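Paired with chain B in one complex and with chain C in the other, chain A is shared by the two complexes that follow.
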Partner chain A sequence: MTDTPLTRAEKRQAKRIRRFDNPWLNPKLIWGAGLLIAIVAMGLLGRVFWDPDLVFTGSAQLKLPPLGFENLRGQSGIMSNPLGTDGGGRDMLALIIIGAPNTLFVGLLASLIGMSIGIFLGFSAGFVGGRTDDVIRVLADVMITIPPLLILVVFQTAYGDVSLTMMALLIAGFVWQSPTRLIRAQVLSMKQSGYVQMAQLSGASTGHIMFREMLPNLVPYLFGSFIASVTTSIVTAVGLEVLGLGPQRIPTLGRTIYEAINAGALIQNLWWWWGIPTLLLGIIFIGLLLINLGLDEVSNPRLRRLS
Partner chain B sequence: MGRIPRAYLINRLTTLVLTILIAATIIWIIPRLSPVDPAEIALGRMAAGAGSVANSEEILAQLRANMGIDQPLIVQYLKYISGALMFDFGLSTAAFPTPVSTLILNALPWTLGLMILSLIITFFIGNLLGALMVWDRSPKLVRVAIPAAMVFTSIPPILSGLLLMWVFAAKLQWFPLTGAYSIFVEPGWTWDFVTSVLHHGFLPALSIVIVTFGFWALGMRGLMITVQGEDYVKLAEAKGLRPRYILYRYMIRNAILPQITAFALKIGLLIAGQVLVERIFAYNGMGKLLYDAILNQDFPVIQGVSYVIILMTALSVFLVDLLYPFIDPRIRHEAA
Partner chain C sequence: MKFTATLLASSALALIASAATAQDVARENTVIFDLDRTIQDPENFNWMTPGTKRMHGAHQTMWEPLFILNYGTGELDPWLATGFESNADSTRFTISLREGVEWSDGEAFDADDVIFTVNIALTDEEISSREASTIRAQIASVTKIDDLTVQFDLNDPNPRFIVENFGVRIFGSFLIMPEHIWNGENPATFAFNPPIGTGPYTFTSAASNRAIWDRNDDWWGAKTGFMDLPAPERVIFLESGGEESRAQLMASNQLDAAQNVTIGTFEAIQAQNPNVIAWYADYPYAAADPCARQLEINTTIAPWDNANMRKAVAHIIDRNQIVNIAYEGTTTASQTMFAQYGSMAPFIDAVVEAGYGLPAAADVAAGQALITAEGWTRDGDYYTKDGETLSVNIHVNSASTEYTRTIDVIVEQLQRAGIDARAVPVENGVFWGEVLPFGAYEMSYSWLSCGSVNEPWASMGRYTVADVVPVGERSPGFNNTSRWDGPAAETYSAIMADIAARPLGDEAIPGLVAEAYQHLDAEMPFIPLVQAAKLLPMNETYWTGWPTADNYYNHPFFWWNHTHQIIHNLEPAQ
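Then we have the complex of A and B:
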């Protein structure tokens, strides 16, 4: 509490200490969340400031390049379609305004459901033990080796068009197993810890112990697991879309890529058609990766660099 | 070297059998629940080919009998399961009368070759880079460059595949755009054919490697941080062993072991990702087979491909689980 100005080194030291006081204020975490929020904001603001009807086929000229570029027919980009148009005359900007949040939505919904199942099953297995534990453990072990994409390919080929929500529900059936295993392991080790036994001895209810005593300690793991399953869900959803499955009438990033590949966009040098959705997917995945790296540092202080 | 306790072996075997059984059952049930009738699809294909079809009712009944879908469900199911165990999935409906197993056998070597090649490269590069990230003697450039390259880790291989295709195949034309070998080369063990295969396989393999090495690097980094502080490393340093020797023989050797389990768990996702890479590169593997089958609604092929891939995944997990104590003597199987 002195008034003497700090030297630069001392300031840096102070900053570092402050930063370590609150592990959640982690630059990676903030950047990652920022990228994802930017995608959502683009979806929300885009609907206000840009005409979402431009996603319909034939709403503009075909295969127009983005502003400042020229396509093989010698047309240059125009203001009304700043990111160009695809082979069906859909405006790329409108396409990503609608499509990118859709992709994120599938990922988030699928993992929210998957996580809820995982928390429920993980706690049941770890807490109840016995037969329940055996069944849940074997089921999770079995399901973890089955690649979701292949089962879903069978499903969606059989059923044809599905809605976004339906796709998210289907994917959710394949992202609960890792959280279940993780939570089960954590619950098993926590059950032996002093504070849980203390709570048990003082007569706390099972619900209280599970949700008030144990769950808060699991938060960093839960977040990490959640982000990992968002990534898996989006990868699976995009995979299905690139195979031409998934929702047929709603624009998604994966479906745009599928249409671009099928139309030979690579040979025709229509890079914006597949490139813009690819870039946005890249941003989503990098955002998720940064959040995950940040969360790792929150839950595992050894990873925090001192320099 | 620990011997495998019988209880553990039984436990793992049960999981393996259950995995295959459950997966096979799900794959079988789903198309049965759907309103789509494969006989009608086949009839539609005939009608599209011939212009019109007379006495369509009789043909439908005959098609149903041929496909075996006029029998009770339980009979169909038992037939399917016993067939699946013998890798017999019936005949492809699109490439009638080719057996599905023949189609898969033709595609499998391509998929396996691409997979094993890219897995080995990515495992080697990833673990080495992960170790260098932690090692305190690695050049500064390495420590800055690797985290930057990590950005790719989160991206599925289809995206990197598209980028590589565009840059190296469409723009620079260094590599062919699609296919597994040139159509001008006769398949066989000739020099031309082998170079053609390598030339065509380079981009698909690279697109898998650049997005997966980071997974290993990240895992290795975490493990190396733990190993770094161990007493035996300090002792080795105090003994004055060469740093490089310590890195390879003391640190990496100990840190790499848990990576092998991660390998087993990751393999399912890797195969699914590779299927998509094969689809965009039109590579002659399972991915292309699957994609063509989806286009033609060829359910026997879709079922067969999914089944074989799930089987491969389950088997590799099983093998890694069993072999692990031989690789890492510190691990003892607990009879769970």
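Then we have the complex of A and C:
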């Protein structure tokens, strides 16, 4: 901080310069990342400070309300289960400590894999062109028209219990097509730009041009696309879980909601059973949305409001 | 202006037309029952083939049984028959049919229909319903004495012949079909659509989630004075979905009788709708179901083909925890395979005194010792042997929270003891149609030793070697789906044959039961879990006269063939 007080105009100027210096430090991005980091931190610290074994059936009394509330039977919340328990005697706090990071994990893993496939195919299609482009483009177009939930429901019904990683892999099979198409379009336009043509003239290899020359220019854009596909992946995963098709014994937010609905939690007014996981899902989605908006500002300077 | 007028006129016309086709029956003249499954083939009414062909209203409203076992009195209430006689050694039974019974198309119901239908079961190997298999196994020949009298000659003495086949002892009975419609059709493929029956309702329409039945005001029973016409003009069986929607429909009076709910849900429904009642007016509300719950084990799949491994699982299971969590305290732990009815006490006592009763609490150490003795070693979370993890998939019917929650508890108990157990939830129709009968499971949650309510044979006789078929073939009548075989099973089956031939009330039976039970205890082809309790919410907003402990004309399980009695007892509320 400076010693001499700045005028309002100077402050604005300084702020503006900082903004331009580092667009990554915009408040939307910071808040979004903060929310997600908080959930991950809750998962990590929770495992240390809270007993993760409480997520299993029968580890506490059934249907206890959170501290300070009463359930229909007139029982009030107790310290050992501060967020209450569900109908199977699972501790809600332990459920969200384990479940929320699990939900985030599926989304991140699925879209990491999906994006990698998308980057590879998108660059190949856009840069190599010809037959390769035809095949990849048609494949991606066809896949875009297939509703992923439909296929995943059939698959999961047929194979029953799957692990979180397996579910992420399955979802990854349905989140690569949009990035593929978008990256292909970007690459096509970038291919015409001077520096790429210069690199081509100077004899750089295809791999070099694709990943060393072009990729760095696409980074903010790829991040945005990545976050969008994390959102899609989580929505898909939660959709499956709410239908009761996710992993059986591994707690996730979606499965908790499924169990609540299945056991009549709404009519029994066990709002904490479905409400807490829903709230956390809301926080995750708001976090992702903020990051996405923040990244938009990074890749599109015109969005940076100069106030 | 002209356009608006045309529009108005046409919409008015459409309104009239739709009203005419729907044949509206007022809500207060309709009774709506809950259906716990999807009707997979709503166009097919051949009850002798697998699928949802009966409990969607067909055998509650349209097809009537010959007798109905009254759970309250223990007597057989005559229905389409008026009575029966048997010879001294129970090998010949003569049934007298009621006079004046008519099919809904006006044809007379008589001995020819009975003989025709029984002969289908005797001659057609392809039909597979439990009732038809039982008939085939028991009857040597059937003879017409006169239009209203039929005589059955049995292969072996069977004092329980009538109640077992024609008395609605458990779920259904052998239903008589009209000869004048079925004659010349292939019983294994005939769809019987439109269906007819002798009951006071006729079929109106069905889709995969509902079936509608309308009253036949020309019913024979009212004409002959057998009974008055039932009060409801229309009966609907509606698939409600899960517990939540069941509860909401009940609270908002869109359902008159619902399938099983948990006690918390029931209390919540009652809080919103004080007209909703259950079997008991107070805790525990639920009626005792004669089908005690058990863990079925496929005894042909390693490592569960080893009796010691099955016994280990039996030790690990904590019945108290199942009662407390899955049933929220509304039932009790099973001591034996039998339903703990007063009439079953002599047999249960005999088994328990002989030392084969099951404890309510677990003995995990004993179970783990058995597993270790079979060469498995604990490696981290689970037992392993030759690089293989000790694991098991447990198939569970996803139709009710009761089922899935019980399996959740068991999965947890096995996991903690070192067995990598998983629940595999399956849709109701798939569970009963594909998983259980063909042995397509390692373990599953069900109640296949169900049968005995006042004698031991009906349950115990379901696990004889005569019913063993290879995995992939349909178990006859869901008997011995465990495919329990070997020397112990053969000794057991011999004792069963002995019990089967003895008259009801023979003093030697409890001793024989205990003797046979030692083999079940040693080999554990299935593991009895808890007694079943059904908490069925019934709604008095539109209808009164529901079966309850205070109004015990029969039990309340409205998916059974005896539901005719319930419908006849319903009266409009006012």
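Keep in mind that, in the parts below, the second predicted complex is superposed on the first by the 301 of 307 C-alpha atoms of A that agree within 3 Å, B and C clash if a C-alpha of one lies under 4 Å from a C-alpha of the other, contacts with A are read in each partner's own complex, and residues count from 1 in each chain.
Definition applied: a residue touches a chain if its C-beta (ideal position, glycine included) is under 8 Å from a C-beta of that chain, and two chains touch if they have at least 3 such contacts.
Quantities reported herein were computed from a predicted structural model and do not represent experimental measurements.
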Once both complexes are superposed via chain A, do chain B and chain C end up clashing or fitting? clash
In the superposed arrangement, does A:Asn262 touch chain B (first), chain C (second), both or neither? second
State whether A:Val154 touches chain B only (first), chain C only (second), both chains, or neither. first
Of chain B and chain C, which one contacts the greater number of residues in chain A? B
Quick check for you: in the superposed arrangement, does A:Leu72 touch first (chain B), second (chain C), both or neither? second
Just checking: does A:Gly87 make contact with chain B only, chain C only, both, or neither of them? Give me first, second, both or neither. second
Using the touch definition from the top, say if A:Gly244 reaches chain B (first), chain C (second), both or neither. both
Once the structures are superposed on A, label A:Lys63 by its partner contacts, choosing first (chain B), second (chain C), both or neither. second
I'd like to know which partner A:Glu10 touches here: chain B for first, chain C for second, both or neither. neither
Colliding region between chain B and chain C, picked from 475-483, 493-501 or 529-537 after the shared-chain fit: 475-483
On chain A, the footprints of chain B and chain C overlap at residues 160, 244, 261, 266-267, 269
For chain A, which residues count as touching chain C in their complex? 56-58, 62-63, 72-73, 87-89, 160-161, 244, 248-249, 261-270
Residue ranges of chain C in contact with chain A within the complex: 242-244, 246-248, 251, 261-262, 264-265, 267-269, 271-272, 321, 324-325, 328, 393, 398, 401, 404-405, 408-409, 411-412, 415-416, 422-425
Provide the residue numbers of chain B that touch chain A in the complex, in ascending order. 14-15, 18-19, 22-23, 26-27, 30-31, 33-34, 36, 150-151, 153-156, 158-159, 162-163, 165-166, 169-170, 177, 222, 225-226, 265, 268-269, 271-273, 275-276, 279-280, 290-291, 293-295, 297, 299, 302-303, 305-306, 309-310, 313-314, 317
Could you list, by residue number, the parts of chain A that touch chain B in their complex? 138, 141-151, 153-155, 157-160, 231-232, 235-236, 238-239, 242-245, 257, 261, 266-267, 269, 271, 274-275, 278, 281-282, 285-286, 288-289, 296, 300, 302-303
